[in-house]
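Take a look at these structures.
In what follows, chain A forms one complex with chain B and a second complex with chain C.
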Partner chain A sequence: MLLPFYWVFKTAVSNENIYAYPPRLLPESPHLFNFVDVWYFIPFPRYLLNSLIVSALVVVCNLAFNAMAAYALSKSFPGRRAVLLLFLSCMLIPFQATIIPAYLITSKLGLLNSYLGLALPLLSTIVCIFVFKAAFEAVPQSLIDAARIDGLANRHIILRVLMPLSKAAIATNIVLAFIWSWNAFLWPLIITRDPNMQTLPLGLARFLSYLEDTTGALYAFAAMVLAPSIFVFLMAQKEFIRGLTSGATKG
Partner chain B sequence: MRAAGEAVGTLVEPGQGWWQRKRTRDLALVAAFLLPSLTLFVLYRLLPLGWNVLLSLQYWSPLKPARWAGLDHYQEMLLADEVFWQSLQNTLVFIGASPFAIALALGIALLVNSDLKGAAAYRSIIFLSYPLMTVAVGIIWRWMYDERGGIINFALRESGLIAKPIPFLQSFEWALPSVIVAEVWQVLGFYMIIILTGLQSIPQHLYEAAAIDGAPRWAQFWRITLPMLKPSLFLCAVLGILNSFTSFDLVYIMTNGGPGHATELLITYIYKSGFGQTKFDYAAALTVVQFILLLALTYLANRLAGGNAGSLEQR
Partner chain C sequence: MPEWLNQRWVIVPLAMLTAVLAWNGYVAVNSGGKVEGQVVDAGGRPVADATVILLDRHFVMHNERQRTQTDSSGHFQFTGNDNHSLQLEAEAAGLGRSERRLVRLWFRAQNVRLAEPLQFAGRLP
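Let's look at the complex of A and B:
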């Protein structure tokens, strides 16, 4: 299972002709020039900046929108079942099945080649709404009532009572939203034609089509792009798995 | 609890209209809080679904007025488009591989669920590939499959299994299986985690009772573990079906549907028709067909799992 990781890392630090046969199992005179190459050879900082902006936008909006929706759903109101059903049926529609109209809609909104357009379809996630909903419902009602008696407004109940008690749900939201936006490829591929707006996955794909697989720099690039998600995963493995399986165990 | 809170509220602010006013205020709040998410889902999930159907029944291209096409696009697709049939077949092969992947994941899950030393570490390692950027994963596997620099050909040649290197991704017969292997590598950990969650929710006393009754291990597996895992396995199956949509990234990077159309999936064909040839109407018709396929297969999996395994409404 780990072999692919080793192979890409080995190629990334190799100096020799990577097409030589037989390939060496250990890199000969390992060095980091390939990584430096990536930084200067392609607009890596630009891709990185774009990726970071889009991911930050997605993470922040997910936290706000999902928590708000979850709070609303944890109350009873007429039409609640209909809204729940709508959310659940939306879960069954893969984003890839919407690309043509989604492109046309985004183009009508004038958001092609923009950060907002890149982030928009990802700004709220149904799975994460349910993660928040479960966390909010686990908070004892007496606590909320006590806060209400003390005269706290709804927004303060969310910010000062519910959110501090839902740290795990917050972590899950952050991790999932980050990973999904960081890795997104098809959507940015469709709506960004301007190289200045492209994100890291697009940069990687462009690099591949320019150079084919001929240079160690490509693999250095791949390793650099993989590093953040591996890091996030190792830091927050528990939250990540909980988020994915909470959708799993409850349907 | 709630009643108590409201009773106190009444003490503070008595009066006939109070309850009414609070009710409307609450409703307004609920509506305002649901608005952003709801707007997004309607805009980017529901509306596109309907729009796809509409587009597929029209002759439409940017800057030209739409004309009614009836079922012309479907007729063209089903009767005259060989690439459609090829990509449909590939998509079905792709989905058909998932039961094997799920069986493999089940085996691994049973192993790492035991008290073996290092089981937790092994679990993380297997799961590690799931959250990775698929574009990078595709590049890594391209390189692993490479004729000269790739480790797979190297290992096969060294062990004497093959004499000549196989150009995996350039050959008509090897390309699709090769892409599927890479795809399974990436999602295997996710299947495993789902099955593991299912395994851990099986009450231990069932096994104890079976052991007392003298049931052998294989019977315990067959009669307790598998039936109790049905919901998890169903979920894995649904994911396997959905993967035929989400594997766009991997196929695009590894082969871009080639050689010829040997690894063309419906989703890559949809992308090419829509954004390569700007046949948005035709691409919409393809999307409708794939979506119907998705629903039909999910329904089938649900029936196989015993009817209500998804239990969406129970939430």
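Let's look at the complex of A and C:
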């Protein structure tokens, strides 16, 4: 499973052609200067900052909006089943099919070429709502009733009772939202005009167009783009797995 | 140690922040843009008054940026380099041109002294 990651790193620290035959398992005279080239040849720090801002925005909004939606969906109310079915059916529609209306809405809101516009389609995701919903439903109702008797409002019940008991769901939300926004390519490509607003995946495409034969530097770029999402995944791995599997064995 | 501090979500970002600050401190101290070295002939004797050419990299091309002369001991120095990938070459009357040496730096304007001198294929008379 780690072989593709090793191969990316091996090519990044050497200037070997990936089509060289026979392929070498170990890099020949490895060095880290390809990473330095990537840092300076394109405005990498700027792209990194843009990606970090957009991803942070997406993660924070996902936690807030998904928790609120999941709390509502974990309660009984008329039409709840219809809302759940609507959400599930919306998951069947690929993002590419909704990209034109999404662009028009973002344009009407005046958010083209902005961080908020870049983050907009991912501010709440249905999968993550269901992850929170499963976690909230696992909390005993008596605990929520006790909090309500103590006078806590709904938002305080979410913040002070449900969220602390749903750490795995929070980690899952963080990992998924971060990775989805970090890797997003099509949406940023469509709504950014200013090169200074571009994110790392767009920078990768730009870099490829500049240095199409520089395999080592290209793979170094890929490794630098991958590193933050791998880091977040490794940091939250335990909770992520627990969050995805919680509720999976329910009858 | 307080419990909130003893968590991987605090320790790892703090360690990364410390490493980044330390690196930036190192860069700030060592980014004078100075490139130094020596030019010798095939026998290892210093070559005085040789012209040393500094070329810096722009994407796939190396373009000439500066020239300087070596002193009586064959030493040369460039200042004001702001690139991270250089090539150095020397030329002298009667000796032709030296090999072109690629010098890769860890950051822009890093102060560097060549470990090995630029060497001509020929010998001084």
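Here is the rule we use: the second predicted complex is superposed on the first by the 214 of 251 C-alpha atoms of A that agree within 3 Å, B and C clash if a C-alpha of one lies under 4 Å from a C-alpha of the other, contacts with A are read in each partner's own complex, and residues count from 1 in each chain.
FYI, contacts are C-beta pairs under 8 Å (C-beta built on N, C-alpha and C of every residue); 3 or more make two chains touch, one makes a residue touch a chain.
If you're wondering where the values come from, they're calculated on a predicted model, not measured in any experiment.
Within the superposed three-chain model, A:Val60 lies out of touch with both chain B and chain C [touch as defined at top]. When the two structures are aligned on the shared chain, A:Tyr210 is found in touch with chain C, with no touch to chain B. Measured by the number of chain A residues touched, the leading partner among chain B and chain C is B.
In the superposed pair of complexes, A:Ile179 makes contact with chain B only, with no contact to chain C. In the superposition on chain A, contact of A:Asp37 is made with chain C only, not with chain B. Look at A:Val139: by the touch rule set out above, it reaches neither chain B nor chain C. Common to the chain B and chain C contact sets on chain A is no residue at all. Chain B meets chain A in the complex at residues 1-2, 4-5, 8-9, 26-27, 29-31, 33-34, 36-38, 40-41, 43-49, 51-52, 55, 124-129, 131-137, 139-144, 146, 148-151, 154, 158, 185, 190, 193-194, 197-198, 201, 231-232, 235, 242, 245-246, 248-249, 252-253, 267, 270-271, 274-275, 280, 283-284, 287, 290-291, 294-295, 298, 310-315. Residues 1-5, 7-8, 11, 18-23, 61, 64-66, 68-69, 71-73, 75, 77-78, 83-88, 90, 92-105, 120-121, 123-124, 126, 129-130, 141-142, 145, 148-149, 154, 179, 182-183, 185-186, 189-190, 200-201, 204-205, 208, 213, 218-219, 222, 225-226, 229-230, 232-234, 237, 240-241, 244-245, 248-251 of chain A touch chain B in their complex.
Chain C meets chain A in the complex at residues 8-9, 12, 59-60, 84-85, 104-108. Per the touch definition, chain A reaches chain C in the complex via residues 31, 33, 36-37, 40-41, 210-211, 214, 235.
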